[in-house]
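The two complexes that follow have chain A in common; it is paired with chain B in the first and with chain C in the second.
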Partner chain A sequence: MKNFDWITPATAKEAVEACTAGRTFMGGGTDLVTLMKAGLVEPAGLVSLSRVTGLDAIAEDGEGLMLGARVTLAALAENTAVARRAPAVADSARNTATPLVRNRATVGGNLCQRPRCWYFRHPDYKCSKKGGDTCYAIEGENKYHAIFENTTCNIVHPSNLGPAFMAHDAELVILGPKGERKLSIHEFWVRPEEDMKTEIALDAGELITRVDLKPMPARTGSAFEEVNEKQSFDWGLVAAAVRLTLDGDKAADVRIILGAVAPVPLRHAEAEKALTGRVPDEKAALAAAEKAVEGATPLRDNHYKIAMLKACVKNAILMAAARARKAGG
Partner chain B sequence: MQQHDEPTERVSRRGFLRGAGASLAAGGVVGAIQSDKAGTATVEPALQNAADVVALSFVLNGKPVAVKVRTGFTLLETLRDHLDHTGAKLVCDYGACGACTVLLDGVAVNSCLVLAVECQGRKVETIEGLAVDGKLHPVQEAFIAEDARQCGFCTPGMIMSCKSLLDRKAAPTHQETAEALAGNICRCGTYFNIQRAVDRAAKAKAGGR
Partner chain C sequence: MATEDKKVKLVLGFAGAREEVEITIPDEEPVPWDLTTQFSVVGGKHPRSDAQAKVTGRAKYTHDINLPGMLFGGFARSPHAAAEIVAIDTSAAEKIDGVKAVIPMQQERVRYAGQPVAALAATTRQALAAGIAAVKVEWKPLPHAARIEDAMREGAPVVHKNQQSNVTGSGRARNDERVVAELGSSHKVVKATARTQVQTHSCLETHGTVAQWKGDDLTIWTSTQATFGVRSQVADALRIDESKVTVLCDFMGGGFGSKFGAGYFTAIAARLAQMAGAPVKIMFDRREEHTDTGNRPDSIQEMELGVSADGKLGPYSVKLTGTPGIGRGAGAANPMIYDFPRELRAVSQTEVATNAGQQAAMRAPGHPQGSFALETILDLAAEAIGMDPLEFRIKNDSNPVRLAQYEEGARRIGWKNRRKNGSATGRLRRGLGVASGTWGGLGGPSAEVDCRIFKDGSVQVRNGSQDIGTGTKTVMAVVAAEELGLPLEKVRPFMGDTNDPVGPASGGSTTAPSIAPAARQAAYLAGRELKALVAKHLGVDAAKLLMKNGRVSTAEGKGLSFEDACRLISTGEIRARGKRRSNFKTFRGGVAGCQFAEVEVDCDYGLVRVVRIIALQDAGIIVNRLQAESQVNGGVIQGLAYALHEERVMDRQLGHQMNANFEMYKIPGMKDMPEIECVLYDVANGGNNTSVCGIGEPTCIPTASAIAGAIHNALGVRVLSLPMTPDKVLAALATKGAGK
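Here is the complex of A and B:
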């Protein structure tokens, strides 16, 4: 790794002031350090969040849950309030990487991590995401790549928390040079067609300080499911986050979000519609899951993702429904 | 335990390698300084650009150390190449294998993903610090008794993850052990023996045998 200025501010405001051109924020560093080792980013300075006060708290009140951006995935996975109030978020934190990585990786970093596409990660491939004019995955090795929205760039977004936060309509609190703003998680993702160089809607020098989750209505459940090649340290082959509310015994206010299958996490309105108003049993779950995989455009080596995603969505629906039945109200 | 202040006649493999190359010889042991000698570290050529050098002090296995590092050093390379603590192993270098596992303020982490500069003022524990006065830690004893290794390359990291687990849970279930060790890979496949070693160490720590 190249050398850099090392800055350890005490407050979020100081951190933003210190993060001038060429510098970048560092939370747990589990992604950033690997990007720096590969020479994909060479920041002139790192603004460490390690000493910034107030970023590592999980707070709960009538308004819901507030997750500090530097809360580790380990803390998120173990927190009982998160498990109770946003089960899909707890599921997704538990499913991510390894215990060693979860001890370091943070909420903010999970949302800001860069894609794992091996052409993007390889220093010798100047792919379209790195200013070139080719997506090497189209003709190349594409087992782990996108099966939706994959005409220009075939990355899949690697964030596990992203789909779970979308199921819970998370709101991001962002501090930047121009002050604080709030942004819905649904507005956070940037498609390659909009801007090839980034995956997220943060401007230069902006820092996520907090993620807010509103309380769930009564009789609501959520779940996150992921399929990996092996149990630990694997990015999902497919993932699904689901939330639904029971109206009588029928599903209402359904959210179905697909992960690891497109350049951004995909909320799937058609699949949601297929489940809405039906008893969320095995048959209805399968019907919705079939809707979710319609129109997939797999590449040479990732047709397997279609059947896998279908099973994943179905299982997430059934788990969310089971939790909704158990939930009070 | 390796001693930096007592040159010995014994030629170790690592010492041989260090002596074999001029650059290695110049850049070998920079730190591992006892607190009373802090500030006397030699600076390797790559560190002589003052702007790039950070004087770092932290507590390594209970002893204060001072070392000069570049900001671009990981904790792992600082331990191995500059503090002569080679227990933590460099294998994948991106957090996938766990061979570099150390405890940072008591929490098990991949030292290949931790920057050295992050450790200022903090506590780092490595495999070298587990034995006290020549007496092995119960986890080390248990690994020997259960033959919980073959090639041994994953062992230092594996043992640190086991220690971290047993520090948090006195009697982990097999499921809990499997989950806690999910970040440590053993290519020899000694997982069953490791499981037995954790069981044995838990019993030993509880006072039984």
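Here is the complex of A and C:
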């Protein structure tokens, strides 16, 4: 690890001003520090968000939920308003890593974390993401890699809040050198074919300050389901976030987002369509889940993800539907 | 002093099988404990003597040693799995600010990624990293084979120079032909190929050493399983007198077999310290720990077993293949435990060299991998003849301790409610499994312990070998307290300093059974001296004096308190040396254990949750029940990790380990833990004056096999490969068409 400056601004504006060339923001640091230790990033300075005021609040009003970027996953998991108004987000936060990590890791950091692909993380592999000319996962050890949109690069996006935020149409509030802007979470992800060097649409020096979630309509439920090899601290093998509204007893306004199976979280219109207008029971859920895994392009060692993802989508649909039935309105 | 041998009668065995034996022991040996002994300290639940120091952080591990002016040492390592070193130039590294010493490790070629090529010492970690980066090596990369599959392929790159092939061993066994013939005439023949993975030791405290010179004298702090082994190996490597070397290891954060020797880094730390004129600390990082400190070899075990209609084991053929990396030795203990007809076994062994770090002994070497395959073929055989797998084992196991354990374990897990294999339905399916373990762990010479009784009534027991976290220190204290009739807290144990009496390397679960008898004898001899003083003072016969309840007195009560007795010491202290002698007659040659597992499989995801493990284990006479239970828990946890999670993943392209960390090398955590029920069997095994046996290794042997059996029971299909991860469970379910 190289030496670096340590800056602790008091406001978001100061933080953005301080984050000049070569410097980077640090929230919980749970990912950034591992990247620095591996020599994958060598920032000249860290702009710590630890003392920035106003970034760690969870606020609730008629407009919805506002989550500060420095809200920890532990705080998110424990918050009753989040559990009530965005159950998929609460599911997702609860399932992440360990209590130790959840106490440090932040909402903003979860969205900005880099992929866990072991070729990307290994210092002796110059893969295409690091300026090389190949994706080692294609021929290599690819049990944990992508099964969709994986011709160029086989990472899976590691953010588990990402799919849950997509199910709730989150809007990101971003502060940068040119001022504040808002960006839909659906526009946030960058595919390797667009830009190999990044996974997200933040410009240099831009900082996520808040994530806004609109209120859910009546009779709506959401859920996030993730499968892990072990239950204490593990990355998802597959994940699904689902939201639906009941129109009578039929599913409407369906969102189905797949996680841990592609370089970005995938919203799946075909699967959503398959469920829309149907009673969201086991049979309909399975039909939608089958749609969701159509066209998968697994690698040598990750065919298992197809069956697993199918079950995962089905279970997330059933959980979201059960919650919708219980919800008021 | 003339000594006479004594003849003593002992009652050995356990509640289920008693056996009277007569042995002859020297006069200076206490009468061995047996089934008739009444204990006051032994067998209780005692927190370990260093518990407070450990939980408060006062305990100093090698990692915690920081000396004034100390330098940080480390290694430049190969980025290639196989390469020739055309040239190595350390001159730029030597010029880096803060770099104080550089040692090129002369080599013509490297044979695994991460192999060290130069050692450096620097004033800071940053300077060390800069120095390592500045070591210039001109490589000529060579083709490599980092995985066993790649190395076995025809035309595979050959790992070792001067060898034709990576494969050694013919794959043929002596009585192949006879076994093949007998298989042909067996009632039923079952075949299976089981595979186990490479597991790394994953010590929480990584390997490392701090070396400090004072004049010609060298002090080594090191995280080791063998303080005395390190002393002689370092003296030998540096060509200095052993009398000049002191090795210290007060506390130690896990070895599991990988810290059995000094390691190349210890002598290097000493040489760097000598060159730089300052102490040097080398502690491996997690990547180095995974890739360069040893591992449990993988295995491919092809088995064929014939069974009779009434469920007796018949002819058995097993072909074992495994990789020791660039090292030697990759056997699996298969068969074992059960009553296979001796003349009808055909066991062949093949080793495959790979471009990977070399294997090292790991907790019950050969056994967990052998067990997984063996118990697999047993379950399949039982299924083939329609017999209950527990009944099948009972029919083929003659160990009296284990037979008792089977009965008790079956009762506790509710075996009678076990359903037929594969009869469970629905998403969550439960199943039960059973498997067995065996181990030696009787210990033996050389081990010596000093017992010191001070004038104020306090007591020390001292041995110079190491307590590797298993609690040997506390075992010494318990044994001495029992012998001297004192409460445990009156006896202070010391280990981990080679200036104290000699002791064994910690391997084969032999440390406690080697040291405890020496500790008891030391306390016995020291107590005898104290008794002589009391006898003289009170005018009673020393032979009539007992040491009990803090008193030295006759059965009638004539005597002194221990403290008053100690005031009679005129020589400053009593110091007696106990010596471990060779084993006497024993009840059994080793220890017995078996485990029962209950699992719940989520068939949507192929996820296995272990609900419960019942671990039944004998370890001779149990000295400290709390620690023994801890040992069992630890074995089960490591066994569960082996069953479901741990696996070294080598990249077939560049030959690196892809998961040399604790993120993708998966170690289970709290949420993955089952309920563990530990059932200890007190067996007066004889063999030494305490009947203590080792328990570190045997309890990690059957866990994975019992879990595999339970999965088989739940799903009706066998997962033949470790770790039994969701992808493999889903694949197994798919072959059965039972996915829904």
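As a working rule, the second predicted complex is superposed on the first by the 329 of 329 C-alpha atoms of A that agree within 3 Å, B and C clash if a C-alpha of one lies under 4 Å from a C-alpha of the other, contacts with A are read in each partner's own complex, and residues count from 1 in each chain.
The criterion applied here is as follows: contacts are C-beta pairs under 8 Å (C-beta built on N, C-alpha and C of every residue); 3 or more make two chains touch, one makes a residue touch a chain.
The model shown is predicted, which means the values in this text are computed figures rather than measured ones.
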(request) Give one of first, second, both or neither to describe whether A:Gly29 is in contact with chain B, with chain C, with both, or with none. (result) first
(message) Touch test for A:Ser232: chain B only (first), chain C only (second), both, or neither?
(response) both
(message) According to the stated criteria, A:Trp6 is in contact with first (chain B), second (chain C), both, or neither; which is it?
(response) first
(message) According to the stated criteria, A:Thr98 is in contact with first (chain B), second (chain C), both, or neither; which is it?
(response) both
(request) Check whether chain B or chain C contacts more residues of chain A in the superposed model. (result) C
(message) On the A-aligned overlay, A:Ser50 touches which partner chain: chain B = first, chain C = second, or both, or neither?
(response) first
(message) Using the superposition on chain A as set up above, list the residues of chain A that contact both chain B and chain C.
(response) 1-3, 98, 231-233
(request) Spell out the residues on chain C that touch chain A in their complex, using ranges where they run on. (result) 79, 113, 126, 129, 604-607, 644-645, 649-654, 656, 658-659, 663-664, 666, 668-672, 725-727, 730-731, 734, 739
(request) Over in the complex, which chain A residues touch chain B? Could you list them? (result) 1-6, 29-30, 33-34, 36-37, 46, 48, 50, 97-101, 103-104, 231-233
(message) Looking at the complex, which residues from chain B come into contact with chain A?
(response) 52, 54, 70-74, 93-96, 98, 101, 107-110, 112-115, 117-118, 161, 179-184
(request) Mind listing the chain A positions that touch chain C in their complex? (result) 1-3, 98, 116, 118-119, 122, 124-125, 136, 139-141, 143-144, 227, 229-235, 237, 301-302, 304, 307-308, 311-312, 314-315
